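Right, one structure below, let's go through it.
Letters A, B, C, D and E mark the chains in the order given here, with residues in each chain numbered from 1 onward.
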Amino acid sequence: ASEDPGRESGEVLVLAAASTQDVLQRLADLLRERGGPVMTISAAGSNALAQQILAGAPGDIYLSADPLWVQEIANAGHAAETVPLLGNDLVLVVPAENRADVREPGDLLSDRVRHVALAGEEVPAGRYAEQALRALGLWDTLSGSGRVVRGQNVRLTLAYVERGEVDAGIVYATDAAAAPSVRVVHTFQREDYPPVVYPLVLTTRGRDNPAAAAVFAFLQSPEARAIFAEHGFHPLAAP
Amino acid sequence: MSTDLLSFDCRFQYGQGFTLESAFALPPGISVLFGPSGSGKSTCLSLIAGLLRPDAGAIRLCDTTLVDRGSGLWVPPHRRRLGMVFQDHLLFPHQTIRRNLGYGMASRDDNGTRLAQVVEMLDLGGLLDRYPGQLSGGEQRRVALGRAMLSEPQLLLMDEPLTGLDEAMRDRILHHLHQAHERLGVPMLLVSHDQVVVRRMAGHVVVLEEGRVVDQGPAHETLDRATTRTMASHPGPINLLRVEEVRRSGDHHEGVIAGQRFHLAGPIAPDSTTVYVRCLPRDVALLIGEVSRISMRNHLVGTIRDLIHIPGDHRALVAVDVGQLIWVEVTDSACRELGLAIGVRVTCLIKALATDVVG
Amino acid sequence: MTGWWLTPPEWQAIRLSLLVAFWAVVIFLPPATVLGWWLARRDFWGKTAVDTVLNLPLVLPPVVTGYLLLVMLGRQGVIGRPLDQWLGVEIVFTWRAAALASGVIAFPLMVRAIRVAMLGLDTRLEQAALTLGAHPVRVFFTITLPLARHGLIAGGVLGFARSIGEFGATIMIAGSIPGETRTMPLYIFGIMESPNGIARAQGMVIVSILIAAGALIVGQVIENRSHRQAGGPKR
Amino acid sequence: MTGWWLTPPEWQAIRLSLLVAFWAVVIFLPPATVLGWWLARRDFWGKTAVDTVLNLPLVLPPVVTGYLLLVMLGRQGVIGRPLDQWLGVEIVFTWRAAALASGVIAFPLMVRAIRVAMLGLDTRLEQAALTLGAHPVRVFFTITLPLARHGLIAGGVLGFARSIGEFGATIMIAGSIPGETRTMPLYIFGIMESPNGIARAQGMVIVSILIAAGALIVGQVIENRSHRQAGGPKR
Amino acid sequence: MSTDLLSFDCRFQYGQGFTLESAFALPPGISVLFGPSGSGKSTCLSLIAGLLRPDAGAIRLCDTTLVDRGSGLWVPPHRRRLGMVFQDHLLFPHQTIRRNLGYGMASRDDNGTRLAQVVEMLDLGGLLDRYPGQLSGGEQRRVALGRAMLSEPQLLLMDEPLTGLDEAMRDRILHHLHQAHERLGVPMLLVSHDQVVVRRMAGHVVVLEEGRVVDQGPAHETLDRATTRTMASHPGPINLLRVEEVRRSGDHHEGVIAGQRFHLAGPIAPDSTTVYVRCLPRDVALLIGEVSRISMRNHLVGTIRDLIHIPGDHRALVAVDVGQLIWVEVTDSACRELGLAIGVRVTCLIKALATDVVG
């Protein structure tokens, strides 16, 4: 074990939003097979990762699920370079058996529905879901009905749906795809909520690590984008 | 069998160690377990109280079988209605003395008078609102005694209830225990090393040694035999005489023992007026009648207070009261020939050289 | 410190946390006492198994514990389904679920504290009580428990504090519903997701600290009162 | 149960968890012992303040504790900066940070267990040792500690178990770096994010349980051995 | 002042309760603290050992000041080099007896011989590898004694070191303590309620009552005065006589006390051959010379063993040995006129009606 795993030569520490862990691991394996730099992935919530960067923790690359946190570290001078890398869709999911018979967002107000799960108010998925429902004119009634349950993050929200504890939930398409036991019944219109953006950041510490620059570039390469797309993300156009 | 208060016949072993294997029966009244330290007295009480389970045997109290390993019968300790005074008190440290005393008291039949009586008897008046940690050793012992008495037991088991108390208090409590026994008829079984207590209290004595009953019977005879036994197995008593008014007289010192002249040998600190002299019982001879001319210089006249034949040993130990008590060892035949008996006046002859000045 | 004047949702979270922690202790301390006593006194076959199961909430990440509770108590769960179908009682997503989660997580701590106290206890005092004719149940309540009071107090304080801080299992089984299950940790955790969250959480963190101090003071006061009894240098 | 044959990363997580928990206990148990003793014995002004600070990791959600540690130990932090500048040591994101986080989180539990044991102890035995000419330090090690052994054992077991399950503070200050800081709870958290995660986590959950059982057995064995000394019904 | 072994002058109060306010000085040698239960004896020892801090005053041992509240001087207990035997032993429950005994032993100057000697003396041979919880009460006490002795103290403080031991063991230990004192010159201060122990051991006695020193001085005189004091304040001794060979004789019963006839009044259980009779000292009269015709039926001849003038009370208590000891209360003037003194032969006259048959 080294003092500073991120800066060992040829090693790149990628701080990744938990939901991107699997796809990044696949890319890391690919890179290693080619004899490229070794990507070490430390996955956690976007906020925890940002706090770590703010505290000066080693970390060359930050793939965040929350642009607000990216703004925050940029303001603090920790971001050397930022690109919006990925996008995602919000979907309405229901448990496999769908006993409340939810087919579209409007059904969320039906009497059959006891609980609806959303991600937390402060995480992007929660914020956006709220805005999407507002755009559909459902939010005020729904939130007044007391049937909204906030899972902390998307994964937890999804777990409620998977277990059938709630009758429906709103999550990212990528997460829904990773949970075989839930059914996607509706994909929200992208116009109804701000675009979901996963920014990719090269930190100031990463700037001094030549291998990090290579990884930073690799993650934006068409090859990487194709793999991201396979996992359900929308690769965003390079600026 | 049915007239016995308690019949005890048990075997019990601590792990691989000490084994108690004893059988005895107690008549109603006050009985004492007597025996040297470590002979199994407390173990007996624990077995009777149900705090230990015998490996074999049975214990019966009046008509109730408390435990019988043969039939598997077992009365748990809280149903035995036995009051126990533990050797180390075991007062409840978190309760006031008042609550300690009242713990075993069936509340229905009491409006404070029994508590008040016991408090009065044991002189615990000012202590009721204190905690056990704030009492002296003797006070704790008295509380333990009171607590057991107040639980209205069918049999009171007391492990050295009076040690550590001053004589006045001891006498007073003895008196009250006697009274309690007479008035309420509470039978008692107590452990004591104190012959005064035993002789005063007990009707029946059971003598334990190394886990076995070596003797039992009415108190006085049994205790006399017990003393004998101890002396037979033990180096025996050593006389320690107090000599007062010591002064120089020619080439030696002399002093006074209970009014009688006593010659001393050996060096003596110049300013001592009182010294102690040690001599062995076998170095003392006895004489009846007038003192003849004899080389033994010290003649102390006294009355025989006690006479103990040591069985199988053809010896006897004679206690002569010359103002102080002197133990003398004589042969059985000498004893017969001189007609020694309790109350006979004799003269003790002690060679000054056989004595040992202590200080 | 922007959030010194607490907002209504914050007050709600505080009230809820206190409620949840209170019930977690009230419900779980009695069985913890019995179990602590049992584990301290008895040696039986399968003791380690019991001990292991009871300590699982300590070794497993709280989210896993929460997940296991969800599996058992959820609408589809072995316990939750009959409750839901026969009694119409729903536990998941209620404050009762939060109390349950907190209690389960704090349970091994309570048991341990009580067990330690029971182990330090002189069992001969209980024997003495038995010889005074007290039924074993009375002995337990009048001798054993008071003598193990340090453990009970510690169990209560630990359990309460742990409940006040419990996050992982609670969010799993109770969700984060404002006013119903959003306790202080859930509230804090929630706003810490946003970049200005730390500043907004400060008020709540301070309240947490004050509550902890309050609980500790209460524990200390009870302890001191009972300690005075021990008296001077004698036992 | 797909993951019965554990994969190398899983073995890595197990090894790391054991390492982290071991060091958390080894480093934090001694100060916990001293503090537990101090809090049990001394009454001083500000005792409640000390007690509150020490119990913060219990009341605050672990993420908050982790955050506070991160702020202190990061390169910009009051402790992290001098460490980095003068010694060139960086703690954040190392297994040492994980051990530290686990230790801090488990610390109040250890202190409490020891404190309870110390409160149940007869101080007159220490006085007896003093009259025999033993220096107070010797008395502490030869009388106080052995008599409070139940508390020490419980503190060790609790601390170890809590460390094995620690997630929130660890991920905050140590990240989740495979082979370096990705302990079992972090590993479980990681795979729960991915498809079929719950099922794949089962192997690790079972290992956690086995480790807990192991720790409890070790504690029990030590306890039994020391308990035998108490002997029969006498003190 | 400088020839005193220990000078003690302290005030100490437990909270709002008991106050000890005593001053005494001990000469080198063996001294005893004597006094009723709760009089402050253990408190004194704790103050000397440094386990309690006096509220005011000072304690000096030889030339060392142990504590002086005036100058603020304080020697902590572990530097006082005092061995203490606690009333409740306080053995270390987690250590074997061997380790308990060795705890205070400076390891350098020992290769096991001192330990072996003490083990031999206290008869602890088979117990060394046990734990204190596995010993009997008396065994624990002996270990506590041995532990303190082995710590090579400058002064040995012993709180009732010999209670709870059988007489043989007590005598043996007394003997050894004496020896230890002589050989090694270890001064000792012990608490005891046992007059036998005190009279045999002590050179100097300090008598405490309610926290105050009421008397001190050489052992025998002081103890005699102490007994007197107790009797003055106390209901006094009660005679309990053992009457043997009881049989019916006309309308009353009679029996034998130490060879002398004794008439009994009151009902007696038909099958008793031995009974106890209680009478108060004031109900007994004394006669010198021949018995004249008198209505008192019981005449017991004996020798005066002890005579205690109760100060300020014009009374005296006379102990007459008639085979058993009888306490008799007489006026001072009667005492003078009859010429009563220790050793004088007298006849005790007891009214049968004044007696009380116990059982």
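Quick note on the criterion: a contact is a pair of C-beta atoms (placed from the backbone, for glycine too) under 8 Å apart; a residue touches a chain by one contact, two chains touch by 3 or more.
Keep in mind it's a predicted model, so treat the numbers as computed, not measured.
Peer 1: Which neighbours does chain A have in common with chain C?
Peer 2: Of all the chains present, those in contact with both chain A and chain C are D.
Peer 1: Tell me, please, which two chains come out on top when C-beta pairs in contact are counted per chain pair.
Peer 2: The chain pair sharing the largest number of C-beta contacts is C-D.
Peer 1: Could you state the distance in Å from the CA-based centre of chain A to that of chain B?
Peer 2: Inter-chain centre distance comes to 88 Å.
Peer 1: Where the CA atoms of chain A average out and where those of chain D average out, how many Å apart are those spots?
Peer 2: The separation of the two C-alpha centroids amounts to 33 Å.
Peer 1: Between chain C and chain D, tell me the centre distance in angstrom, where each centre is the average of that chain's C-alpha atoms.
Peer 2: 19
Peer 1: I'd like the Å distance between the centres of chain B and chain E, where a centre is the mean of that chain's Cα atoms.
Peer 2: So the centre of chain B lies 14 Å away from the centre of chain E.
Peer 1: Please output the residue numbers of chain B that touch at least 2 other chains, ranges allowed.
Peer 2: Residues 14, 51, 88, 130, 134-136 of chain B each touch two or more of the other chains.
Peer 1: Among the residues of chain D, which are close enough to touch at least two other chains?
Peer 2: 63, 67, 122, 124, 127, 189, 192, 232-235
Peer 1: Chain A: which residues touch two or more other chains?
Peer 2: none
Peer 1: In their complex, what parts of chain A are in touch with chain D?
Peer 2: 1, 3-6, 13, 15, 18-19, 21-22, 40-44, 48, 51-52, 54-59, 155, 177-180
Peer 1: Within the complex, which stretch of chain C touches chain B?
Peer 2: Residues of chain C touching chain B: 122, 124-125, 127-136, 139, 142-143, 146-147, 149, 226, 229-232, 234-235.
Peer 1: Considering only the defined contacts, which chain C positions touch chain A in the complex?
Peer 2: 67, 70-71, 74-76, 92-93, 171-172, 175-177, 180, 182, 186, 189-195, 197
Peer 1: For the complex, give me every residue of chain E touching chain D.
Peer 2: 49-51, 76-84, 86, 90, 92-95, 103-104, 106, 130-136, 147-148, 151
Peer 1: Using the touch definition from the top, list the residues of chain D that touch chain C in their complex.
Peer 2: It comes out as residues 47-49, 51-52, 55-64, 67, 108-109, 112-113, 115-117, 119-124, 127, 148, 150-151, 154, 157-158, 161-162, 164-168, 185, 188-189, 192, 198, 201, 205, 208-209, 211-213, 216-217, 220, 223-224, 227, 233-235.
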